[in-house]
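Order as written gives the chain letters A, B, C, D and E; numbering starts at 1 within each chain.
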Amino acid sequence: MLVNCVAYQDGRKLAEIRKEEISEYVKRPDAFVWVALKDPTPEELEEMAREFNLHQLAVEDARHGHQRPKIEEYGNSLFTVLHVIELHGDEVNIGEVNVFVGPNYILSIRQRTEHGFGEVRARAESEPELLKNGSGFVLYALMDNIVDRYFPVVDQLEIELEKIEELIFAAETPKANIKALYGLKHKLMVVRHAVEPLIEATHKLYGGRVPQVCVGTQEYFRDIYDHLLRVSSQLDGLRDMVITAMQVNLSMITLQENEVTKRLAAYAALVAVPTMIAGIYGMNFKHMPELDWMIGYPLALLAMGAIDGVLWFKFRSIGWI
Amino acid sequence: MLVNCVAYQDGRKLAEIRKEEISEYVKRPDAFVWVALKDPTPEELEEMAREFNLHQLAVEDARHGHQRPKIEEYGNSLFTVLHVIELHGDEVNIGEVNVFVGPNYILSIRQRTEHGFGEVRARAESEPELLKNGSGFVLYALMDNIVDRYFPVVDQLEIELEKIEELIFAAETPKANIKALYGLKHKLMVVRHAVEPLIEATHKLYGGRVPQVCVGTQEYFRDIYDHLLRVSSQLDGLRDMVITAMQVNLSMITLQENEVTKRLAAYAALVAVPTMIAGIYGMNFKHMPELDWMIGYPLALLAMGAIDGVLWFKFRSIGWI
Amino acid sequence: MLVNCVAYQDGRKLAEIRKEEISEYVKRPDAFVWVALKDPTPEELEEMAREFNLHQLAVEDARHGHQRPKIEEYGNSLFTVLHVIELHGDEVNIGEVNVFVGPNYILSIRQRTEHGFGEVRARAESEPELLKNGSGFVLYALMDNIVDRYFPVVDQLEIELEKIEELIFAAETPKANIKALYGLKHKLMVVRHAVEPLIEATHKLYGGRVPQVCVGTQEYFRDIYDHLLRVSSQLDGLRDMVITAMQVNLSMITLQENEVTKRLAAYAALVAVPTMIAGIYGMNFKHMPELDWMIGYPLALLAMGAIDGVLWFKFRSIGWI
Amino acid sequence: MLVNCVAYQDGRKLAEIRKEEISEYVKRPDAFVWVALKDPTPEELEEMAREFNLHQLAVEDARHGHQRPKIEEYGNSLFTVLHVIELHGDEVNIGEVNVFVGPNYILSIRQRTEHGFGEVRARAESEPELLKNGSGFVLYALMDNIVDRYFPVVDQLEIELEKIEELIFAAETPKANIKALYGLKHKLMVVRHAVEPLIEATHKLYGGRVPQVCVGTQEYFRDIYDHLLRVSSQLDGLRDMVITAMQVNLSMITLQENEVTKRLAAYAALVAVPTMIAGIYGMNFKHMPELDWMIGYPLALLAMGAIDGVLWFKFRSIGWI
Amino acid sequence: MLVNCVAYQDGRKLAEIRKEEISEYVKRPDAFVWVALKDPTPEELEEMAREFNLHQLAVEDARHGHQRPKIEEYGNSLFTVLHVIELHGDEVNIGEVNVFVGPNYILSIRQRTEHGFGEVRARAESEPELLKNGSGFVLYALMDNIVDRYFPVVDQLEIELEKIEELIFAAETPKANIKALYGLKHKLMVVRHAVEPLIEATHKLYGGRVPQVCVGTQEYFRDIYDHLLRVSSQLDGLRDMVITAMQVNLSMITLQENEVTKRLAAYAALVAVPTMIAGIYGMNFKHMPELDWMIGYPLALLAMGAIDGVLWFKFRSIGWI
């Protein structure tokens, strides 16, 4: 589905144009065309490939989807794959944005995501002196928008971890905690796969030999690179803490077993000792003077209670009960 | 066993030729010969080595088999070892494909695998404008075919992990889970050994100084490189989750022991308390007024039942039963 | 909030100047202006950006705050983000210091930290021959001051670990130990995130192509680099030991369970054996000679005591009690 | 001890020569001398050092022994340290081979190993066209021979792991398994220390600036490099699986404890319930109608048996017995 | 404290000189001065800094002490920090040696260590042809001496590990083992911090652009580099085995708990069964024929003994007792 198709010159919008006019505008020396597609059909993709003369391998990647994030040079044009991450409860939705950038065109294709780039276009159009930098600056604006949205995702995962941490130390739902930690680890892995490959790729847009379309905007791409490093380092930290939290949870479970064993031992003692005493006075010896005492029975009960009382306080003091 | 032996010129098939004619066609400037062998005898291999003037070390590697995946340059020719992975239930079958590529020949040898390359040949012949690129493009087509078949293997391993995950949280077959995770880890290792060495090797076919036969098709080899990275990152993720799943399984086992201990404690209490009461009324004291009561016995039974009832509800409420 | 605004020439203080005079002094060839802000409003920041002609991306970073530590070149000026770490009990407070450095100005902005740089200014002014090196030397002095304050933080964390270590081997508060270790791990991660990114960044200030403002003071920045490596290696060591301490704690918990189980077993035996003997003499057989003995009862009690005594010594000797 | 001392020219053996003649043959432009020593005395070593003009540091290394594997250049000669690994049951024997290579000599010294290089000499002499490459080719032949013998060692360790794996899942000898795994880990470490340092060293013999004596035989050294990578990757895999096997073993032990606890609980119940019933009918209440029944006793026994029967089947069905 | 102060020329000792003469000898073109200090006062240090014109940052590092090992270039001189490791029982003492090296002076300062360098001086003076290489060779001799003393330290740690290993598998002192392993890990970390940073630093003294004072002695520094790699690889191996030993110890503890539980279960059964039988014959049913039998009592005792005997052998055979 075609979302937008606009021609720009000198940082200002020329006109919304029809698809058929694209090749005409692309020829103008100082202008560039910005096309946005959403979940395009193979035919739409093929049409764009013809208009912009895109490389067949890149078009195939865009058609298949499910690529890893990357930035590839084809001659003097770039092909970029970015992941859009959306958390819906326990599900991580990974959308994909493919961007084809040439000296005088930029084609962005978003797939399996509701997140549009209207605000990017609006902001870009409101800063003509920056938009003058051409299609490379638009690529920056798109990447910046996508990368900035990684932060709330990571923050949400951090909040999730904090909640699990509390539960772990409360030690009341160990099984649910394991499950939650495992789920969190899984989500972290998915987000990581969206972020990591982009770091190295972005580095090539500002350091060393820079692709032609990015010349003049390197400092902007370095800014994105820096943001990606920040996300990555937060993810690393999270991953580290999740692993530790799993160990903590195992320790807490083992510790709880310890507590149970102790309590079990204590209560068993409280029952076993009176049983033993009762057993002794249940023996059938002819000559057991206590049995004939008037206060034998109350005394025996008293002894049982007293011993249990002593044991109780002892167990209390060593924390077994 | 000779599977195919065809000469090509300008991207089009010239003719199926006999082995004896190879050296003749190889001399033609624009033509190249594509030979496919399957589990060749040492003699067949030696014959090809003579026809194509292959390096003795590479031929020895092909004869011995069981090489790690690699791409080696010998003068202006390449020697490539690729692994073909097939999952048969719990078994991972590793076949080997050796490819010798020179400016005007390509010799592919597959060993210990049923998977042929008829479709590769068919597709290559149907795209003459690409096949014009010569033997380097055929190498790409073969590698692409082999690497693309890694994806379903990894997907299958991911499905396997998901199944084990469910069983882990169900916590009913801990022993079988350990075994399944260990087996999965082993398979991952095998697949990893097929994929990892190829990544660096493929990198050399498109970046830096590129071997002569690959010049002009670098972008295609970069595409393979990218696919290998994707496989590798999926494998990394899987490996990470398998390790975590093992920890989870251990935690679940420890947790289950906890449950068992608690239940054991609870039921022991339910039996021990009546036994203690019975013991008390089994004592032989002369003066135990309850013993003479008409309702002594029912009262005692009632007391036992009542205490057990209270205990039962208490254990219930704290989740021990 | 403006803290200071001073112009320097030839290593000596010229005058405290007003904000409006900055642009005038900046034009003088051998002079430089040193401005210090604290938690500035966006307007103050904007004003400074105009006076010093700062790059918009850097100004945005300073306004947003919460950047990772970094050193970025914008043309012939530098933008530096440093973290100030303060431990308040169990809380780690991360303040931020942004430094803009040009050939004839240095602007330091501290945010969310009470720690000022008055002493840095005093020391710098007392060494005119060093201050002659210009704004680059001031950057060094600021970084040196911040980095030197990492050492007491790391030392404090090391002391914290040592305290936990003692508690672990005392094995009396396993649960609190786990919590303390987890908290320590978290703090280490926070400190690490402040230190690690700075290492690579600082390396660029003395090795390879050095930014213009740092030329002539490389050996000073190498000194900072060296200090950062020291902090980092201490953090690595700490992290390693915390992980080990967690394992040790788990081992101690498991071991303690072992002890409890053994004691439980021993005491259970001490009660169970007399109960068994009592049970035997509680049997109602007609012909049980012992029952008629005058000393039957004392003998039975004696047997119970004797067996328990033997058991007691045996359990003692194998360390179960 | 001198094993061999032979002069070669143009790939063919000239003559077995005496030690005193070495310096004479070494002067001939196209000839080279190949000397083999075994566990030499310091004097023999010193003599060779004089004959071949060896560097003092290298000679010291050879005298001390116990070096890590390495390849060092001294001017236009090479000094190589290789480890020979031999498994004798549970012992790993590390022998050492030092090779000094110059343009017209090769001196191999083997220490603490019975493994000789007669077959290497025989093979080299049977291929004069390869031996023409001079002392560099002999170095290759020696290294190839040593490296090829790493494979059966690694295979043996893999077989050892497989045996332990079976025992782990059989779960009958957990203690012996731990010991076996620990021992295997130790052996892996030893083998790794023999292999790893050699990889980087060998890389220098075929890539980048190649030492003079290896020029023309680079492809042969690349072959060795490739074999070393294969050994290394097998070792990595083994190490990974050993670590996993240790975790599996711990899980199996914990699981077994689980089983024991369950069984213990089940059998305890089977004894405790009849004891409770017996206790009840052992009470001394005057009015207990069942006691007077003719069939009271058999009924009580029946009840005990019946309840135990029910419990038995229940425990069976949940797998506790 | 000044230990020595000697001038050398052409590899031979000229004279022991006074501190005041240093600057005079330093001016001679072919001579160099070798000064050794021990725990110097700030004043002594300042004096030397003046005599040799040392860089202020390096002098500050030497005054503060507690630097990480490093080798820094200041113009055409070097500043070296080395750690001297001494094991005193469970304590690791880290002394520090600072070496300032210029074209015609070498100043070594040792701090917090009793280990002197008299033997280094003696050996150097006994080899005039090597000492001719000047101050760079003296630096080598000092470093070589310090690095060679790392080997016995690592060997001692290896012996320590072996002792702990034996105790682990004996499984009699699990708590002490944990403590010992933790302590060993700590020591390893300390030693590692002394060795690791030196490796990279030493590499710069023989590879790439070599500092002026080391030119001509690169092969000697490569030898040190090689020794450091060996120490480092031993430390890596040790660290790996310590981690594994901790896991093994945990497994052994868990296993021991298993044993205890089994034994507990077995002995509990041996007591519980006779108790049950006694309970049965303690019931007060009127009609219990066995009670009237003459041999009832002995039979009951026999039954108890017989059942316990059977149980005993059964528990024996399955290894629970």
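We take it that contacts are C-beta pairs under 8 Å (C-beta built on N, C-alpha and C of every residue); 3 or more make two chains touch, one makes a residue touch a chain.
Predicted, not measured: the structure shown is a model, and the values here were computed from it.
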Other chains in touch with both chain B and chain D: none
Smallest count of steps, each to a touching chain, taking chain C to chain D: 2
Chain C and chain E, separation of their C-alpha mean positions in angstrom: 25
Whole-Å gap between the CA centroids of chain B and chain C: 40
Chain C, residues touching no fewer than two other chains: 247, 250, 254, 257, 261, 264, 268, 272, 275, 279, 282-284, 288
Arrangement of touching chains [line / ring / star / complete / other]: ring
Cyclic chain order when read starting with chain D and heading to chain E: D, E, C, A, B
For the chain C and chain E complex, residues of the former touching the latter: 165, 169, 219-220, 222-223, 226, 229-230, 233, 237, 240-241, 244-245, 247-248, 250-252, 254-255, 257-258, 261-262, 264-265, 268-269, 272-273, 275-276, 279-280, 282-288
Chain C residues touching chain A - in the complex, by the definition given at the top: 55, 57, 61, 67-68, 70, 72, 74, 174-175, 178-179, 182, 185-186, 189, 193, 196-197, 243, 246-247, 249-250, 253-254, 256-257, 260-261, 263-264, 267-268, 271-272, 274-275, 278-279, 281-284, 288, 290-297, 300-301, 304
